[in-house]
Amino acid sequence: MYLAASVAILVTMALALARALLGPTVYDRVLAVNMFGTKTVLLLSVIAFLYGRPDFLDLALAYALINFIGVLAVLKFVQDYALRHQEPGEES
Amino acid sequence: MEFLGLYNYWVFAVLLMTGMYAVISRTNLIKKLIGMTIFQAAVFLLYISMDKVEGGTAPIIQADLPGQLYSNPLPQVLILTAIVVGIATLSLGLAIVVRISEAYGTIEEDEIREMDGE
Amino acid sequence: MVTLFGVFLLTLLVITAIGIVRAQHLFVAVMLTGIFSLQMAAVFFILDAADVALTEAAVGAGVATVLLLGALALTEDREKPAKRRAWIPIVVVSVTTLMVIYATFDQPRLGDAEAPVHQHVAPWYLEETPRLIDIPNVVTAILASFRGYDTLGELFVIFTAGIGVLFLLANPSERGTLTLSQSAEATGLRHHLVPRVVGRLIVPFILLFGLYVQFHGDYGPGGGFQAGALISAGFILYALVEGETMALRALSFRLLGGMIAGGALLFVAVGIAGIVLGGNFLDYSVLAADPVAGQHLGIMLVEVAVGITVTGVLLTIFHSFAAREQRS
Amino acid sequence: MELVLDFASWVLLLTGGAFVFIGGIGALRMPDFYTRMHAASLTDTLGTILVLLGIILQAGVSLAAVKLAAIMVFLLLTCPTAAYALANAARLARLAPERRVRDE
């Protein structure tokens, strides 16, 4: 049953990767990165049990804690970008 | 299953050359640096592929399981430090690119060459 | 079965790498690099390298994306389309790929216990670590004790890179007393309530987990490199949600500089203490009455030194990029 | 008792895997960014909870179960935050439309 769950997770990873490569907007790609991150957390937890070494859950824990920093950095990037490029009269 | 034993090395070869392609064919400096990280990752993959022992587990000794086989710890030590060194050198490269961008207003290699009057 | 997972992930890895090279938009390339790093970590984990996977996780998820985005904010985020199709690189790269693949047929198969790489010193490390050092994690034992010279060298490479970034990006007049303007940019995501609340909640846990990884590194995956990257990720998160100014108030530029030098000096000091007490450089056995206890003490001190320097360097780099953005 | 626990964790893992998979399909097939985000983040959290609960039942009362519970709590905190940040970034970019931020 670990196998069934991990196969589902792996296939979802491939789907997320497809979304990341297809786009079409950059935000779709960021979404795909985030999805890929949570799927990695799940995959690492499942494989830790498949290998019979549950002490390696530290890895999944590390990802669970810091994976969203990247998305926050994207928000800050877009926000700064919008601030810098908001000259009056400029619209497109 | 025999050919799967070499799959890691084939992926290593393809990744290595994908990174190499980005470095030699792109003119954008940041793209070159990203290509370099792919190149680097390929080398990491080569080392870590070599450490695996069939039926082994990560080299953290379990005292309650005598006779357990362990994978080779030595490549792991090398790569562990190399990853952190990699991010440090990547940021050094990025810092240089930022300075180039401030001085020339572009990060395209051919435009920089033109400005230098070559 | 897990080997097949590895094959699947490696295939995704190649697809992602090609996607990165093809992406015209550098922002997209950076995002795909994030996915690439996640895949690498999963592959490392499947190949029994838990310590390496933890390092890749801590560096790739927390620090690399933020640094690359910081550099993009300072330059351009779009690549100019190539003027002509470069045939020579494609030919060179294809030929070399085929040559490297041809060379792999002489490689031992994956997981072959008879491979030459497993015959040299590795069995000795695995056998002697319980007797000489008596910690379960052989990777930490080799990193900090058996091959301490290597680690010292690597630490100085990181040290030098940190100093280099500081020289290139920090404004000399501002160094030490770097204060940022209270503009909207300097305050980061302060006005976003959800990230701010959750970030405040998560930061202590990241730091706690970083310390756990630091001091539990003898028994499980972990050590100074991973802990340094995790703790810097925690402070980077703090800087994102509360603004640079607040983060610099917690750990000032001057303190970070001290950490960069202090960690490296602590490592060297532990080595010299070995000489003073009658052993060799970086020989920890003489640090305590009992050689094994001395090894424990030495490894702990050296790992702390590594953790301090890595944290200092990564945070210095982050703040240097962020401060540059303020000025431009 | 053992059997009941095994069966329960089996069901949880399978439904969790199914939800993860459905979320993946949704993220790939939905027509525009905001609906894709909805598919991804909603089933993401549910699938995560189910899979992790399934593993927790297998782990029993141990340190591993505590770690898994911690992973679950942190994921439940950080995933919606990431979704918030992402939606906000997208909205910001729509407000100040700029071709360089938008792909293509």
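The first chain written gets the first letter, and so on, giving A, B, C and D; residue counts start at 1 in each chain.
In the analysis below, a residue touches a chain if its C-beta (ideal position, glycine included) is under 8 Å from a C-beta of that chain, and two chains touch if they have at least 3 such contacts.
Keep in mind that what you see is a predicted model, and the values were worked out from it rather than measured.
Please identify each chain that touches chain C as well as chain D.
The common neighbours are A.
Just give me the whole-number Å value for how far the CA centre of chain A lies from that of chain D.
Taking the average C-alpha coordinate of chain A and of chain D, the gap between them is 10 Å.
Hey, how far is the Cα centre of chain B from the one of chain D, in Å?
Here chain B and chain D have centroids separated by 29 Å.
On a C-alpha centroid basis, what's the spacing between chain A and chain C, in Å?
That pair's centroid distance is 19 Å.
Do you know which chain D residues sit against two or more other chains?
74, 78, 81, 85, 88, 101, 103
Identify all positions of chain B at which a residue touches two or more other chains, and write them in rising order.
In chain B, 57-58, 60 touch at least two other chains.
Two-or-more-chain contact residues of chain A, please, as numbers and ranges.
Those would be 13, 16, 23, 26, 29-30, 32, 51, 55-56, 58, 61, 65, 67, 72, 74-75, 77, 79, 81.
Can you list every touching chain pair?
A-B, A-C, A-D, B-C, C-D
Write out the stretch or stretches of chain A touching chain C in their complex.
It is residues 3, 6, 10, 13-14, 16-17, 20-21, 23, 26, 29-30, 32-33, 36-37, 40, 43-44, 47, 50-51, 55-56, 58-59, 61-63, 65-67, 69-70, 72-77, 79-81, 83 of chain A that touch chain C.
Tell me, which parts of chain A touch chain B in their complex?
Contacts found on chain A: 51, 53, 55-56.
What does chain C use to touch chain A in their complex?
1-2, 5, 8-9, 12, 15-16, 19, 25, 27-28, 31-32, 34-35, 38, 41-42, 45-46, 50, 53-54, 57-58, 61-62, 65-66, 69, 72-73, 184-185, 188-189, 192, 195, 199, 202, 205-206, 209, 213, 220-222, 226, 230, 233-234, 236-237, 240-241, 325
Which residues of chain C touch chain B in the complex?
Within the complex, chain C touches chain B at residues 3, 6-7, 10-11, 13-14, 17-18, 20-21, 26, 29-30, 33, 36, 40, 43-44, 47-52, 55-56, 59, 63-64, 67-68, 70-72, 74-76, 79-80, 82-83, 86, 89-90, 92-94, 96-97, 100-101, 104-105, 107, 109-113, 115, 117-118, 121-122, 125-126, 129-130, 136-139, 142-143, 147, 150-151, 154, 157-158, 161-162, 164-165, 168-169, 219-221, 223, 225, 228-229, 310, 313-314, 317, 320-321, 324, 328.
Which of the residues in chain D come into contact with chain C in the complex?
Answer in residue numbers: 74, 77-78, 80-81, 84-85, 88, 100-101, 103.
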